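Shared chain: chain A. Partners: chain B in the first complex, chain C in the second.
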Partner chain A sequence: MIAFAGAIGDVLTSSTMYGSTVRFAALLVFAATGEWVAEKAGTMNISVEAMILTGSFTAAIGSYLGHSVWIGLVFGMLGGLLVSLIQANMSHRLGSNQFVVGLTLNVLAVGLTAYLNAKINPTVTKAGAIKIPLLSRIPLVGGALFGQTWLLYLLFPLIPFAWWLVYRTRWGLEVRSVGESPQAVDVSGIDVNKRRRQSVYFCGLCSGVAGAYLTIGQVGSFGTDGVSGRGIIALAAVILGGWTLKGTVGAAVVFGFFDALRFALPALGHTVNPQLLATLPYAMALTTMLLFAHRGRQPSALTRPFVRGLT
Partner chain B sequence: MLGENGAGKSTLMKILIGLIQPDEGSINVHGNAVRIADPITASDLGIAMVHQHYSLVEQLTVWENVVLGEPSRLNRADACARVVALSERYGLGVDPLAGVSRLTAGQRQRVEIIKCLRREPRIIVFDEPTSVLTPAESEQLFSVLRRVVIDEGRAVALVSHKLDEILHATDEITIMRRGRVVDRLTTGTATAAGLAQSMVGRPVSLRSEAAAFGSIETITQSVDAAPVSDRPDGADASPAGPHAAAEMPVVLDVRNITVIGVDGHRLLDDLSITVHAGEIVGLAGVEGNGQRALGDLLASLVAPVSGSVVVGGKAINAGRPGALSAAGVGIIPEDRHDSGCVLDLSVAENLVLADLDKVSRRGVLNRRALEARAIELMDAFDIQARSPHAPMRSLSGGNQQRVVLARELSAHPRVLVAAQPTRGLDVGAIEYMSERLRRAARDGVGILLISTELEEVLTLSDRVCVIHAGRIVGEMRRDDIDLERLGMLLGGMAA
Partner chain C sequence: MSAAAMDAGCEPAAIGPARRRSNDRLVRSVWMIATYATCIAVALGLCAVVVSATGGSAAKVFSALLDGSVRSPGAWGLTISTATPLLGVAMGTILASKAGMTNIGQEGQLLLGAAATAYFATRLDLPGPLLITVSLLAAAVIGGLWAGLAALMKFSRKVPEVMSTLLLVYIAFQITTFGLTKKWLLLATVNKTRTNNGEPLPASGHMPVIRLFGNTVTWGVVVALAIAAIVGFVLTRTTVGFRLRMLGLNERTARRAGVSAAAFGGATLIISGMTAGLAGGLWLTGGIAGDRFTSAISSNIGWQGLLVALLARGRALLAILMAFVFAALRTGSGFLAATGVDRRIADLVQAMLVLALLIPPAVEALQNHRRGRAGAA
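For the complex of A and B:
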């Protein structure tokens, strides 16, 4: 017990811990923000996992071919977008079940990226860290938030932009309505499935950034198991966040913390079974979904396909 | 546009608004043949529709709903100003900042009207506009309609199955039956009895039709007055008679039941009610006073926190799934789509669903027995479907309700709970349902009729109980019904 309390104390006073929480959380926040928009429009987009993985691979390819972090980022976004194009058009144009499509894409992405990675074996240009003057000198959290790779800073404009997009634009109003009451939106003369596809594309772009951030921002190489379920955790963050953006970002940071704990505890000299520790973020995600799945008010038409006509 | 449920009125209107594509035929708007591919095209042609339901997003505010579907940029102040202006022009009293989920049915409809009028349509379609409105709200709706037609020169198509409002509010009437136009006439030359006849295709007993006559007091009276005098003598009294029924054994005895809802609210509060064999007990009350909870209780869908349910002298554990059904309580649920039938199964499958033992052996269904049983029941209950294998979804509301009724009665229940059995049905179907309930009572079934249609309760019941706030607040026999006292009880005043 004392050892446990000591471990918590060590963790909370370690600036390394804050740094790695932010690093892990950032990946989740990028993806969860996109996922939040997709879910607002009514898609429980489980292929967010495949979008991140594909994005992280294409980012590696981009930076390898172009010898540039920027090209890597653009390729990452295109990779995420590619997966979202398949997901969106299969489920919201051809009428396939969104979960079946998502599941298939997730499995496909693992196999395909592993194969191509072995074939091409790209070397990655890593993005450098940029210390933001003054802000990065804030004790404990300064370095964590403002002494990171510049890719992470994309989060700072992305979050308010996503909020503005959903709550302050006509597109956002339509997206929210589509997720709540597609029939009503249809009779108002809006193309329901088009809005749903677009929101999935948005998720694809965000997840692509998440993948690029992972490869070029953090790791510096593509790892076939680099994503390993973090897309699903981003999805859990939207649920835990009760389908609000604030809640989603908060939940993603909490999950990031547990992710970081895996590495921080051994580093700070505490011995915990590493296999058990590795399951921590996933066990947390499952537990929170169990506890909070019905707490937030989810979009009424979430997961329900829309077909025009007799009802 | 007048017609029974399932006559095709709504389908025709959905074609007009671009929600359904016709397989054949043409539509002319202002003399030009047009193809209406989707609601946007309809809107461009100046056609707008105030829908029965489905067209407002509950989680949004009024102004957000009104601007939904406009191409311009989102501008809250401007949108609110326009809502207020329209609201004042038609005297609708709508607050643009209110959340739609908190509005009453009548207020929601006014929001829809604003949403519709804002696009300055030349043709406005109203689909069953008064089905959810109070009499006063209906009256107000029709005064708005008159303004729109007379002062502003717009054309209005009013779709309804209520004779009184068609007579009250229209200039010309088109009657549909089974997907065809059967009659067109000028309102001035129409009579209620004549309309009812061409709507159903045969003369109807107008007493049971009373429930279909809607909401506007003066009209209801004038329509009602003539037919009531020539109704068949004594057709509405159940032959056993109230006193005879009282001597029969009690088949359903609900004692001091309390049911608490998820939010901790008392849905039923120490409620007691008894039903004798061969008796129809009507439970009257304003909607939302515990009727749904009582129906759920008697379907074993909710468990009571205290009290007991006794069926045929045996105490039943009401909360155990299927317990009451096994004890001989049949139920026609309030919402037939939600819990009355399975829309995606066939008519035959729905008919045998409650009693699969008869048509299966060792868990394997016998297709031939199933079909034979279905055909037998379809004949006995006059269910109109293409075949026993037609999907339930393809049947009209009246026929779906007959399937539910056939299924429940064919299990030979001791008690039949009929919750809002005629809601949403047309004249012919209401008549049929009433007759069937009477016949079941004659055969010795105890019937608990839960209905918010007072007319229906008064017509059918041997005894009337009044529910208010989850309690029975009064009871009267058929022969000493005091309408004034009844009215006070309904309103929750002790009398």
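For the complex of A and C:
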């Protein structure tokens, strides 16, 4: 018990821990922000996992071919978008079950990236760290938030942008109403499935950035098991956040903390069972959902496909 | 739905209504077959493009897949034995999805099932058939418990089962990895080879085999077929099956009719976990993946079984066929090494096939819907 308290103390006072929390959380926040928009419109998009994985692979390809982080980022976004195109059109044009499509895409992404990676084996140009003057010198959290790779800084405009998009634009209003009451939206002349598709595309772009961030910003190479369920954890963050943006981001940061803990605890000299540590993010996602999932009010039409006419 | 649409589209004309209707049906089934053929061709074509783009020969890959799955001696037996766990997983999934439950954690349930089988088969000292039965039962129980966790979370705390079953896969994987570091759990007591292998199963822990025309098939096939028959029968021919389907189609109506989502939905979730766990046990005792437990033993069987269920769309016979096709791709991929193409191409073909086969029924439903509306207007 004392050792446990000591470990927690060590973790909370270590500035590297803050740094790695932010690094791990960034991936989740990128993806969860996109997923939040998709869920607002009524899609529980489990292919976010496939989008991140594909994005991280195409980002590696982009940076390998173009020798540039920028091209990698663009490729990553395109990769995420590609998956979202399939997901959106199959579930919100053809009307296939969204979980079925999402799951198949997850399997497809794992197979395709592993296959192509073994063939191409891309080397990745890693993005450098940029320290923002003054801000990065704030003790404990300064380096964590403002001394990172520039890809991570994309988060700072993305979050307010997503908020603005959903709460302050006409498109956002339509997206929210599509998620709450598609029949009513349909009668007022808005194309329900089109809005849903668009919100999934947004999720694809965000997850693509998440993937690019993982390969180019954080790790510096593509790993076939680099995502391993983080997309699902991003989904859990949206649920845990009660379908609000600040809740989603907050939950993603908490999960990022547990993700970071896996590496931080051994690095700080505490011996913990490695399997226990590895289950930490997943177990925490489950436990926190157990405690808080019933509190949030989900969009009424979440996971319900829209078909015009009586339901 | 389709009957109503057909009636709506059927106007009194020069041809009599009955004649016109049968004509219509013919056109539609030809159209359906054409759509299926096109979609499958496009999917396979895309896979061929991927193979050629990475410097392989699509024709050689195709031929190697056929060799490995059906043409080489003994291949039929291997493929059928591989289809066994796929079918087991798929039938449970079909049951759950008919009741509107989305269990997508079969990979974890299967892994734990295999682990339980390994634990009991290497520890109990029982005569052959009894040992197999007990260890397979243990597999079903632990798979059911693991899915039961998700059911409990769903119906007591509103945690979506899509999330919980999936997250539990990762935890199951770590649990078995942990088990393989401890001798009192799964790790072999004498470890001559490298690390983290389970104890080899005793001779009596192997599933007995049937020999037919130079092929060996394990008795597990009979178990899987029995599961398929039972699930198919329950769903289509019993009151329970009717209630389950009602629950899946409309939860509110089901509640009015006295079908509790927690009882029926939870039960199907648990049963689908049990069949996945059992499939894990069958896979391990079948011996195709080696004679001992490792944490890599599930090797996508759970995911692939799930895909089989998705393709079968609730029909037991179609599930048997699809399980065979997927198993053929799996066993066929073992022959790919000679062609210089990575065996993971088989995973790609499987997923592409699933996507392709999702399209025709969706298109048909869409057309029926439109036709119905046009008729009404």
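Just so we're on the same page, the second predicted complex is superposed on the first by the 310 of 311 C-alpha atoms of A that agree within 3 Å, B and C clash if a C-alpha of one lies under 4 Å from a C-alpha of the other, contacts with A are read in each partner's own complex, and residues count from 1 in each chain.
Going forward, contacts are C-beta pairs under 8 Å (C-beta built on N, C-alpha and C of every residue); 3 or more make two chains touch, one makes a residue touch a chain.
Remember, it's a predicted structure, so these values are computed and weren't measured experimentally.
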Quick one: is A:287 in contact with chain B, with chain C, with both, or with neither? Answer first, second, both or neither. neither
Could you look at A:101 and tell me whether it touches chain B, chain C, both or neither (first, second, both, neither)? second
State whether A:300 touches chain B only (first), chain C only (second), both chains, or neither. first
Residues of chain A touched: more by chain B or chain C? C
Contacts for A:273 in the overlay, against chain B (first) and chain C (second): which applies, first, second, both or neither? second
By the touch definition at the top of the document, which applies to A:123: first (chain B), second (chain C), both, or neither? neither
Tell me which partner A:13 touches in the superposition: chain B (first), chain C (second), both or neither. neither
Going through chain A, the residues touched by chain B and also by chain C turn out to be 308-309
Within the complex, which stretch of chain A touches chain B? 168-170, 173-174, 176-177, 180-181, 183-190, 297, 300, 308-311
For chain B, which residues count as touching chain A in their complex? 11, 14, 17, 19-20, 38-40, 43, 49, 51, 54-60, 64-65, 67-70, 72-74, 115
Quick check: in the complex, which residue numbers of chain C touch chain A? 50, 54-55, 102, 104, 153, 157-160, 162-164, 166-171, 174-175, 177-178, 181, 300, 303, 306-307, 310, 342, 344-345, 347-348, 350-352, 354-355, 358-359, 362-363, 365-366, 369, 373
Of all residues in chain A, which touch chain C in the complex? 44, 46, 86, 90, 94-96, 99-101, 103-105, 107-108, 110-112, 114-116, 118-120, 228-229, 232-233, 235-236, 239, 273, 275-276, 278-279, 282-283, 285-286, 289-291, 293-294, 307-309
